[in-house]
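These are the structures in question, set out in turn.
Both complexes below contain chain A, partnered by chain B and then by chain C.
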Partner chain A sequence: MRLSTILFAMGVLLLFFPILVVVPMSFSADRFLGFPPRTWGLTWYRAYFSDPVWMAATFRSLRIALFASTIATLAGLLSVIGLGRMGPRWRAGLTGLFIAPAIVPNVIIALGVFILALTFGATDSVVTLTLAHAALALPFVVMIVGAAYRQVDPNLERAARVCGAGPVRAFMAATLPPILPAVVAAAIFAFFISFDELVVALFLMGGAETLPVRIWNDLRFEINPTIAAISAFFVVITTIAMAIAELLRLRTQKRLR
Partner chain B sequence: MLQHNAPLSFQAVTKRYGDASALEGLTLDVKAGEFLTLLGPSGSGKTTALNILAGFTQASEGEVYIDDRPVGALPPERRNVGMVFQNFALFPHMSVFDNVAFPLRMRKATRALTREKVGAALETVHLSGMADRKPAALSGGQRQRVALARAIVAAPPVLLMDECLSALDLKLREEMRDEIRRIHGTLGTTVIFVTHDQSEALSLSDRVALLNDGRLCQVDHPQAIYDRPATRFVADFIGRTNIIAREAFEHLSGQPLGGPYASIRPERLHFTPQPGDIRLTGTIEDLTFLGASIEGRLRLSGGQTGGQVLRFAVPRSINAACPDPGQEAVMGCAPADIVTLND
Partner chain C sequence: MTLSQKWTVLPALALALVMFAVPVALVLREALFDPGWTLVHFERFFGRPVFQNVFRNTLMVAGIVATACLLIGYPMALYIVTRPARWRPLLLFLVLVPMWMSILVRTYAWMVVLGREGVINHALLALGLIEAPLQMLYTSGAVYVAMVQILLPIMVVTCYSAMTEIDMGLIRAARVCGAGPVRAFRQVFLPLSLEGVLTGWSVIFILSLGFFIVPALLGGRRDALLGNMIVTQVAQTNWGFAAAMAIVLLAATIVLLALVRLLAARFIHSPREGGV
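Let's turn to the complex of A and B:
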C-alpha cells in the first residue's frame, strides 16, 4: 500500500472515530455511558423521544435554526447582489467585513453579543439568539452564494432587461435560477451552523435551553446514553442534509459552466 | 411581417469615467430601417455607444433619441429595442421556446399569440424543430439563431447587435452574416451592429460609422468609406493601403497635395503606366502568387522617397509579365486613385 493511501485512511479514521464510538453506544441498554456497551437495545432512543425537556430543547433549536437560516440566506443573497454592483475597492473591503464572523472565535462573538444584549435588556431571548446565529451563518452564505453569483454571466440580466423585464423581475428570471441550488445549499449550511451552535447559546440562554445547551448541561450532571442516541440520530440527519447541500453546490457549478 | 421601424439619433453624446472619456461628443443620425455598423478597435467607444443606446450606461452629456423621443431617462426595459449579445446570453435554464417567448411574456402577450409569434420567429431563423431543447444542447450557430429570434420576436423597431459574430468560427460567421443580412431584408428593422471586424462592417452595412479613441472618424457607405477615407486612421483601419507623407508625395508626383498624407490602395497600382499617371520607380521585393492576383512590394528608389516600401496587388495577366523580385520596375497610379488624408 502506498504511503498516501495509508495517510488518507488514517485521516478518514480520525474524522470518523467519534462517530464510530457514538453510534454503537447509542444502541446500548446499559445504565451508564460506556464503550463498548455490554447489553443492546433502543432504550435510550425511547428515553430521548419521550422526555418533554429533550423534545422542547430540540424543537426550540429547530425553530431558531429555521429562522436564523432564513434570515442569513436572504441577507446573504442581498449582500452578494449589493457587493456585485460595487466598485472593486469597496467590494474587497466589504467582503472582508462580511466574512469576518467566520474568522473571529465564537467565544468573542458570544461575549460581544452578550454585552450588547445586556445593554438592551435582550438576554435570555430566542429572538436575540436567532439574530446572533444569523450573523454567524451570514459569512458562509456570502461565500457559497457569492462564488456562484460571480460565475453568472452579467449579460443574462441585461438581456432580460432589454427583453422588457424590470430590475427585480430580471434578477428573478435570469440570475436567480442558475444560482438557486447554491442558495438552497447555503440555507442548509446556515441551518446547521445555528442548530449545533453552543457557545453563543450558553451565554444568552439561561432558562430556555437549545439542544446543544441541553446536551451540555446533561453532560455536566449525569452521564447516560441518551446523549449517544441523540448524537447518532443527528449525525444521520446532518449527513443527509449536508450531502444534499454539497450535491446542490456541485450542480450549480455544473450548471454555470 | 410588416412593422414599424424607428429612426434614431445620438446628439453630442459623451461618456466620461473620471478623467478618461470613453465617448466624446458622438453625433450620429440613423435612418429608419438602416443597417448601421459602429466599427472600431477595442476601446474606441463603440460598445459604450451601444450600452448608452440600450440603457445599460448613462451618458455623461448629450441625449439619445429613438423614434424622435429622448430615451436617456428610460430604463432598458422601456426602450423597446431588441439586442443580440456577444456571448448570446441565452437563459440556460429555459428551453429555446421559453427563451424566445420571454420578451412576449414581459409584454403580457396572450398564450396563443405567444405561441404564434415564437413559431414565426423560430421559422425566420430556421430553428423550427428545436423549440424544446435547452441552450446547452445547441451548437454555437444554433444559439446565435435563438438569440436572434429572441431579439426580433417582439418586433422591436430597433435591433442592437454587440460583436455577435465574434464567438463563432469562420465558416459559421460567414453563414450567419448572410443570415443577418437576409433577416434585415425581411424585417426592415433599424439595426445597429457593433464590430471590430471591418469585413463584417463592409459586407453587412448600409453605412459604417468608424470610431477611434471615443471619437467618430467618418460615417459613410461601405464603398465610399473604402474609396474616400478621410483620415490616416480610416485609410489604415479599413482595408490595406500605402500612406505617403506630403513631401515624399510631392517629390514623386511633382504635384501639390492638399493634406499631410496621400493614400494609394495596393490594387490601384499597376505595371502599365498611362500618360498622366503618377510614376513610381523602385525595386520589386517579395512577390506572392495568389491565383487570381499577385501581391508584392515595391521599394522606392532615389531622393527623398528612398527606402519607402509600397504594397501592390495586381490582377494576374498572362500577357503582361510581372517583373521578378530584385528587378527594377516602374508602377503607375491614376491621379483619381490617390486620396488625400487628414491627420
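Let's turn to the complex of A and C:
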C-alpha cells in the first residue's frame, strides 16, 4: 500500500475511532464504563427505553426537529425561487442574511433569542425553540437547494407556462422534480441541525429538556453508561440518514449534469 | 406571472429577521444599555485579568485547532481529489458521516476513550507501557484533540471543493513544460488551492471561537473558552455581561472575516479568475 493511502486511512480512523468505541460500549452490562466491557447485555438500552424522562426528551427533540426541518425546508425552497428572480445586489444581500446564522457562533444567537423570548414571555416554549432551530437550519437549505436550483434550465418552466400551465403547476411539473432529491437531502440535514442543537435549548427551556440538554445535564455530573446506548443509537441513525442524503445529492448532480 | 416571484423570499426573510437579526441586535442593546448607555460590561471584561486570559486562550485555541485541522485536512483532501472519479464520492462520504455526527456524542466518545478506565489507558496498561493510568481527561490536550477531530471534516470538505475547481490541465501543462511532480504541485496547484485553505482555516477558527461543549466536558478549569464564560454568565442571569462577551465574540468573528478577505484579495489568485 502506498504511504499516502496509509496516511489517509489514519485520518479516517481518527474521525471514526471514538464513534466506533461507543457502539461496543453500549452493549456493556457493567455498572461503570470501562473498556473492554467485562459483561455484555442490553442493560443500558433497557435503561434508556424504560426511563420516562429520557423518552420524553427524545420525543420532544424528534417533534421539534421534524417541525423545524419542515419550516426551514419550505422557507428555504421558496426563498431560493425568489432569489433567482432578483437583481444581483438584493440576491447577494439576502443570501448573506440567510447564510449568516451558520457563521455567527450559536451562543450569540442563543443569547439573543433568549432575550427576545424574555421580552415577549415566550421562554420555555417549544414554538420559540422550533422557530429558532428553523433559522439555524435555513443556511444549509439555502446552500444545498440553491446549488441544485441554479443548475435547472429555466426554459423548462417557461415552456410549461407557454403550454398553458399555471405558475404553481409549471413549477411543480418543470422545476421541482429535478431538484427534489436536493430538497429531501436538505430536509435531512436540517433535521439533524435541530436534533443535535444544544445551546439555544439550554438557554430557552427551563423545565422541558430536549435530548441534547438531557445528555448535557447528565454528562456534566457523571458519565452515565445510558448515554453510550443513546450515542450508539445516534451513530446508527446519523449514518443511515447521511447515506440517504448524500445519495440523493449525488443523484441531483448527475441528473442535472 | 409565474410562481417564481420575489415575494417567495418572505417566509425565509421573516425567519431570518425574527430569529437571527433581531436577536443579535438585542444582544448588542443588552450589552450597551443598562438601561442608559454604558460601557461598564466591556470595562469589566477588558479590565480583569481573568477574562483577558480567557479571551487570549480562546484566540490561541482557535488558532492552533484551525492550523492543526489544516495540516491534517489538506493532505486528506488532496488524496481524495487525486483518486479516480468513481472512488471520490465514497471517500468523501467517509469524511461526511463523522461531520454530521452529533458533537455531544463525539465529545462523550472522547470521554470514553480518554478516561482513567478508558480505551487508551487500558491498551497502554495491557501493553505494559505504563504502570498507572494516565490523566488524559480534563486536560488541554483532550480539548485540542477532540476539537480537531470534530472540526477536521469541515476542513477536508472545504479544501476538497476548492481543489475540484482547479483545472488539472494546468498541472499537466506544468509537467509537460518539465516541472517535476513536487514543483508542479508547489508552483501551480498549491497557489490555486490557497483560497480554499484560507476559507477552511477561517471557518474552523470562527467555529472554534464559539465552542463550549468540548472544553466544558473534556477540559480542566483553566481550559474554559469565551463560550463557556457566556453560558456560565447566562446561568447566573448576568445577561448584560454575557451579552458584552457575546459582542466581543462577534467582533472577533467579523474582524477575522475582514482580515481574511483583505488577505485573499491581495495575495491569492482564485481558480475561477483564470490566469496564474
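Criterion: the second predicted complex is superposed on the first by the 256 of 257 C-alpha atoms of A that agree within 3 Å, B and C clash if a C-alpha of one lies under 4 Å from a C-alpha of the other, contacts with A are read in each partner's own complex, and residues count from 1 in each chain.
Criterion: a contact is a pair of C-beta atoms (placed from the backbone, for glycine too) under 8 Å apart; a residue touches a chain by one contact, two chains touch by 3 or more.
Worth saying up front: this structure is predicted, and the values here are computed from it rather than measured.
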{"item": "Combined model on chain A where chain B meets chain C, clash or fit", "value": "fit"}
{"item": "Superposition-derived comparison: chain B or chain C, residues of chain A touched", "value": "C"}
{"item": "Touching partner for A:178 - first (chain B), second (chain C), both, neither", "value": "first"}
{"item": "Contacts of A:236 with chain B and chain C, given as first, second, both or neither", "value": "neither"}
{"item": "First (chain B), second (chain C), both or neither touched by A:16", "value": "second"}
{"item": "First, second, both or neither for A:161, with chain B first and chain C second", "value": "both"}
{"item": "Cα-centre angle that chain B and chain C span when viewed from chain A, reported as a multiple of 10 degrees", "value": "90"}
{"item": "Per-pair minimum CA distance [chain C against chain B, superposed on A] in Å", "value": "6"}
{"item": "Intersection of the chain A residues that touch chain B with those that touch chain C", "value": "161, 167, 170"}
{"item": "Interfacial residue positions of chain A with respect to chain C in the complex", "value": "4-5, 7-8, 11-12, 14-19, 21-22, 25, 32-36, 71-72, 74-76, 78-79, 81-86, 94, 97-98, 100-101, 103-109, 111-116, 119, 131-132, 134-136, 138, 142, 157, 161, 167-168, 170-171, 175, 189, 192, 195-196, 198-199, 202-203, 212, 215-216, 219-220, 223, 227-228, 230-231, 234-235, 238-239, 241-243, 246, 250"}
{"item": "List of chain B residues in touch with chain A within their complex", "value": "54-56, 75-77, 79-83, 85-87, 89-93, 102-103, 106-107, 150, 154, 160"}
{"item": "Touching residues on chain C, where the partner in the complex is chain A", "value": "1-13, 15-16, 18-27, 30, 72-73, 75-76, 79-80, 89, 91, 93-98, 100-113, 115, 117-119, 122, 149, 152-153, 156, 203, 206-207, 209-210, 212-213, 216-217, 227, 230-231, 234, 239, 242-243, 246, 249-250, 253, 257"}
{"item": "Touching residues on chain A, where the partner in the complex is chain B", "value": "153, 155-156, 158-167, 169-170, 173-174, 177-178, 255-256"}
